[in-house]
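Below is one structure, written out as structure tokens; comments come after it.
Naming follows writing order (A, B, C, D, E and F), and every chain is counted from residue 1.
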Amino acid sequence: MRPSGRAPDEMRPISIETGFTKHAEGSCLIGFGDTRVLVTASVEERLPPWLKGKGEGWVTAEYSMLPRATHTRGQREAAKGKQSGRTQEIQRLIGRSLRAVVDLKKLGERQITVDCDVIQADGGTRTASISGAWVALRLAVNGLMAQGLIKEDPISAKVAAISCGIHQGTPVLDLDYIEDSNADADANFVLIEGGNIAEAQATAEGAPYDEEALLRLLRLARMGCAQIFEAQGKAVG
Amino acid sequence: MRPSGRAPDEMRPISIETGFTKHAEGSCLIGFGDTRVLVTASVEERLPPWLKGKGEGWVTAEYSMLPRATHTRGQREAAKGKQSGRTQEIQRLIGRSLRAVVDLKKLGERQITVDCDVIQADGGTRTASISGAWVALRLAVNGLMAQGLIKEDPISAKVAAISCGIHQGTPVLDLDYIEDSNADADANFVLIEGGNIAEAQATAEGAPYDEEALLRLLRLARMGCAQIFEAQGKAVG
Amino acid sequence: MRPSGRAPDEMRPISIETGFTKHAEGSCLIGFGDTRVLVTASVEERLPPWLKGKGEGWVTAEYSMLPRATHTRGQREAAKGKQSGRTQEIQRLIGRSLRAVVDLKKLGERQITVDCDVIQADGGTRTASISGAWVALRLAVNGLMAQGLIKEDPISAKVAAISCGIHQGTPVLDLDYIEDSNADADANFVLIEGGNIAEAQATAEGAPYDEEALLRLLRLARMGCAQIFEAQGKAVG
Amino acid sequence: MRPSGRAPDEMRPISIETGFTKHAEGSCLIGFGDTRVLVTASVEERLPPWLKGKGEGWVTAEYSMLPRATHTRGQREAAKGKQSGRTQEIQRLIGRSLRAVVDLKKLGERQITVDCDVIQADGGTRTASISGAWVALRLAVNGLMAQGLIKEDPISAKVAAISCGIHQGTPVLDLDYIEDSNADADANFVLIEGGNIAEAQATAEGAPYDEEALLRLLRLARMGCAQIFEAQGKAVG
Amino acid sequence: MRPSGRAPDEMRPISIETGFTKHAEGSCLIGFGDTRVLVTASVEERLPPWLKGKGEGWVTAEYSMLPRATHTRGQREAAKGKQSGRTQEIQRLIGRSLRAVVDLKKLGERQITVDCDVIQADGGTRTASISGAWVALRLAVNGLMAQGLIKEDPISAKVAAISCGIHQGTPVLDLDYIEDSNADADANFVLIEGGNIAEAQATAEGAPYDEEALLRLLRLARMGCAQIFEAQGKAVG
Amino acid sequence: MRPSGRAPDEMRPISIETGFTKHAEGSCLIGFGDTRVLVTASVEERLPPWLKGKGEGWVTAEYSMLPRATHTRGQREAAKGKQSGRTQEIQRLIGRSLRAVVDLKKLGERQITVDCDVIQADGGTRTASISGAWVALRLAVNGLMAQGLIKEDPISAKVAAISCGIHQGTPVLDLDYIEDSNADADANFVLIEGGNIAEAQATAEGAPYDEEALLRLLRLARMGCAQIFEAQGKAVG
């Protein structure tokens, strides 16, 4: 029995509110249950120095938790003067996930930076970030295409992510904070619409797991991502 | 004529949505027109080392802009590794403004940290932050009193803040970004319900101003704060 | 009765020794009583990147306290690895105050950096810094004009600053450290010769203050700045 | 055909030289082909503050590349003043991998820090680090047991790691630098002797991969880790 | 012929003005020609953690150049966020030099921090700093003895330092900036009254030097330090 | 009697293994007894900005201790976020020592960075670093000459360094860690083959020393460096 009363393969409600801020070229507030992340995609007509003159663009991401997104207040990274290893790990993952579905040549010599700021955390902030990041990116690219700045769509498919794990011996989908805190294994899958995998990460927290468990988690992830793909589709119209 | 078409003494609509996040002891999303700030008040039963054992508490504040709160994306301070002078100046001002209406002895040996994170900026982010900070603080203190942790109310009055300035020769209230960018003088007043001043700051940007102008700005600020006090009152019930 | 025995509107003796260091294009050691600040103005024929090619120059300031300028030794900011919020707030104020009387176009494409290093602190270090900064800047600009590098004088007027505050119920001028430590309100005014205001900042420390008090402080500041303008005039000959 | 001429399931030669430095409680120089990592395990009879008094110990890891371990010199992280996201990601992974086979209660209230310094890099530095880290940890724990400081062996099994990937359409084991630079997918598996998985990470670099590919990579990893377990066994005698 | 017209063994005028700042327990402004350093000695009744409870005290030093102490403005170290290698090297040398003549047990469990801030630089700032540091330290210790806080004098002798070098083939004493910039060899000697050496550092800048040259430089340094010891004696009365 | 049983003028065995890593243009593992330093010389066809366009090159050095090179683990400088004063002092010394025998014009517009990473420390790490740095530099320059990139040999002579000190009243050569920890004086000499001195540094740790002692230390250093020059010669063939 899950603490939330959900069935093992039951997602929390997904909500995606696009256009949440007025300045960004693409934005949304994405919710997986009580986890809420504000995502903006910013288009800049400039490139990092190491990419200049190669005839292609760049997509990157930054991630942050507001200090009181969590149960107890965490120290602000800007005040500490550095980003934690966890923050850097997550923002690198978000960037890689987006680039898995973007043709950087078609994007042209410009950079899109996707900022994922967690407003409220209840487990799954990195997977909500990736799923929302695709929406913000899609909206920003739509704008570039509408303006005629991009000819061919550089985005080849949807990408979404979901966590799953083994909780008290049972593989479960979309862990909330309580489950996440005492799961035996904790996995994050980044899937591409159509069935392929962009990234799989599965970590034993309590007891190590076997190949069978890995496959069962992957199947749960497929079920979850199917629902996210649908919500993403509705959100971007 | 103001770019927004507002009268010189006309505020933008004020919105205050309390309880915007579930973990913080007090929180609100405050809007002055398109400027929106998420404010949380976090109660911690510990004190900074220099205050321990003095029989009193502490109220402090932190401020940040999300990278794409603004027209163009700004670099994330956590990534730069330090907070700008502007950020530090603002968060010091928010803390002082709150402490002007809090009796730290009555608060007891605990710390309340108010986080003001600007989600969308259109001028007046520091004054919206102060005005929202009072709401979040009030809610957090209400909770402490309801739990019996505080006997006497440590908050003596409401505090609110508003910007005003001289725009094309005319003193105007509640500058938005366009006005702020080319004002001749730019002032921020932090007022206490009942008529007193907690902080006055008036800076000549283009041309210096005279005593008469300073007084006219202060009178506009009184009008603006009266409306904020009313909105604060409604918000905290 | 003031701790120093001064009358409420009585300044401490002002001393300005120009040419205190031989390398700087302009320099002075300014004293307001026991507060002493070494100020240098450095001319550089280069600009910050964001100002290049606009046909105008820049004036900026940096501020620091020597570790033992104060009663007890403070940690050196270079050793801590960052400047405090207070330091940044003050150096931003000094820069703004100087720019209020400088026509950057007439200055031409060069930068003047004014360094204010507090050698001994006894209250009023920021206002002494501003008042001395004008002297160092004036001397540096005189040099540029004498060399024919600048045709028209870019400095339109003198600028000076003074602190005042409410001490035991009485508005007083030019607070020393003892008064400053227990003032009810603490204000700094930056005034321009001729009567206008460049910056007004008034903060309630103990009890909030009213409009009447603000005006009385401003009038004291006018009296103080009149004496500083005179001392500046003598110093630059 | 692999650039090195190896068969798809062929590892590079593994070398483990124990006791490489004289001060550390456990140490080895591990080589996977031309990749060489110096690993030391340091026992300290103290704990991080957040673990004190819980009756258990801690195992953690740090990772670094010498500046010229790579084809071209990289900037020294100590000179840059911060560790890269990649470094932090890797050292977090090493620590988790070791803790997957350590009973922290049996370790007692002490900390073991495993330092992995890459002397020469040719692909697979993180997996060589994990595999060598187990050896250094085993030796350090052997010492503690020989001294009677630990009664029951806190290490439950061997742990080893290996990279594999899809190179020109073929799943291959133990990628060297040339393969790693243009693999379509890149995976790292951390396996526990006996068959379980401690961590699986598989990233699409070029084209996304499917479930079948993930399983084939896992099977290659099992073959590789079997050889590492054997080498580890010989090394620790 | 030296650029300044001085004889090879001729020092610049030495000036020592004690009590230059009112807060420090000991202070002086020391000048070697145009080089001027403000030195303060601060007594604190606390110790660094690693020295607590050993029944002895500590003497340490910090060094800094004001940004415009030099011909062209240098960036402020507090603004850069770190102290240069040169700064750290010099402040370590000053501390070692002072400790060479202090009995830390007789000092008792307190710390004296000597701050050397270069106000104007014309060569020899580190040696002027050491020579002035002894004066400030002597004055601070005199104060502690006068208050009865220290029974036995912890200072065993005077310590002074002087630079010398080989300039256009000739060994010369007390290099000014012009000489220092194109010396073939540059040495700093820290000598103890009575004839012993606390520290010798001689660096070939242009051409390497031989043993004979090293000895000639040392003899010049003895002549210079004799004059400094005399000036120190007069300064502390 | 020395703790190691060595005669006062007896060096520890010197070992130099060239080509220790495959990527660097020059490299060696140098050992002075149990002190072992991995040195690499990296050639880069670029220059620091301040040297561009002057028709000459640059040679610089970086130094680091692996965290467990020492008896107890030291904190990693990359994790602390800054290099210690000691590290900076040593790497500046290594760079100066190399430049004393390099004609930067003959090197041409390129930079050689020598990295000295101490793998195991037992006293004398800075002198072993300098002595090994020359070997790595020599090998790198040989490569440049073999490729025809440099016409005339920019290296004029060998440079080597050795520590010596006064231990229990006796001048001794090549101090190991135990001697170094309680020497009365500690000196490092950097000598150039042929007899000249590049750098001499002699510090009193316990008691100050006299001119006679300085000369005796220098003579010991000459004996030690003669052996190092021989080992360097064999190493580079």
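General remarks:
Criterion: contacts are C-beta pairs under 8 Å (C-beta built on N, C-alpha and C of every residue); 3 or more make two chains touch, one makes a residue touch a chain.
In UniProt terms, the chains line up like this: A, B, C, D, E, F = Ribonuclease PH.
Since the structure is predicted, the reported quantities are computational estimates derived from the model, not experimental observations.
Fewest steps needed to get from chain B to chain F, stepping only to touching chains, is 3. Of all chains in the assembly, those touching chain B and also chain E are C. The minimum number of touch steps separating chain D from chain E is 2.
Shared residue numbers account for over half of those found at the interface formed by chain A and chain D, and the copies are therefore classed as meeting with the same residues. When chain centres are set by their Cα atoms, the one at the greatest distance from chain D is C. Centre-to-centre separation of chain E and chain F, using mean CA positions: 28 Å. Between the CA-based centres of chain A and chain E the separation comes to 59 Å, rounded to the whole angstrom. Inter-chain centre distance (chain C to chain F, centres taken as mean C-alpha positions): 50 Å.
In chain B, 81-82 are the positions where the chain touches two or more neighbouring chains simultaneously. Chain contacts in this assembly form a single closed ring in which each chain touches exactly two others.
One full turn of the ring, starting with chain D and passing chain F second, gives D, F, E, C, B, A. Per the touch definition, chain F reaches chain E in the complex via residues 82, 84-86, 88-89, 91-92, 96, 100, 192, 195-204, 207-211, 214-215, 218. Across the complex, chain E is touched by residues 21-24, 27, 34, 38, 40, 42, 44, 62, 64, 66-73, 76-83, 87, 113, 115, 117, 119-121 of chain C.
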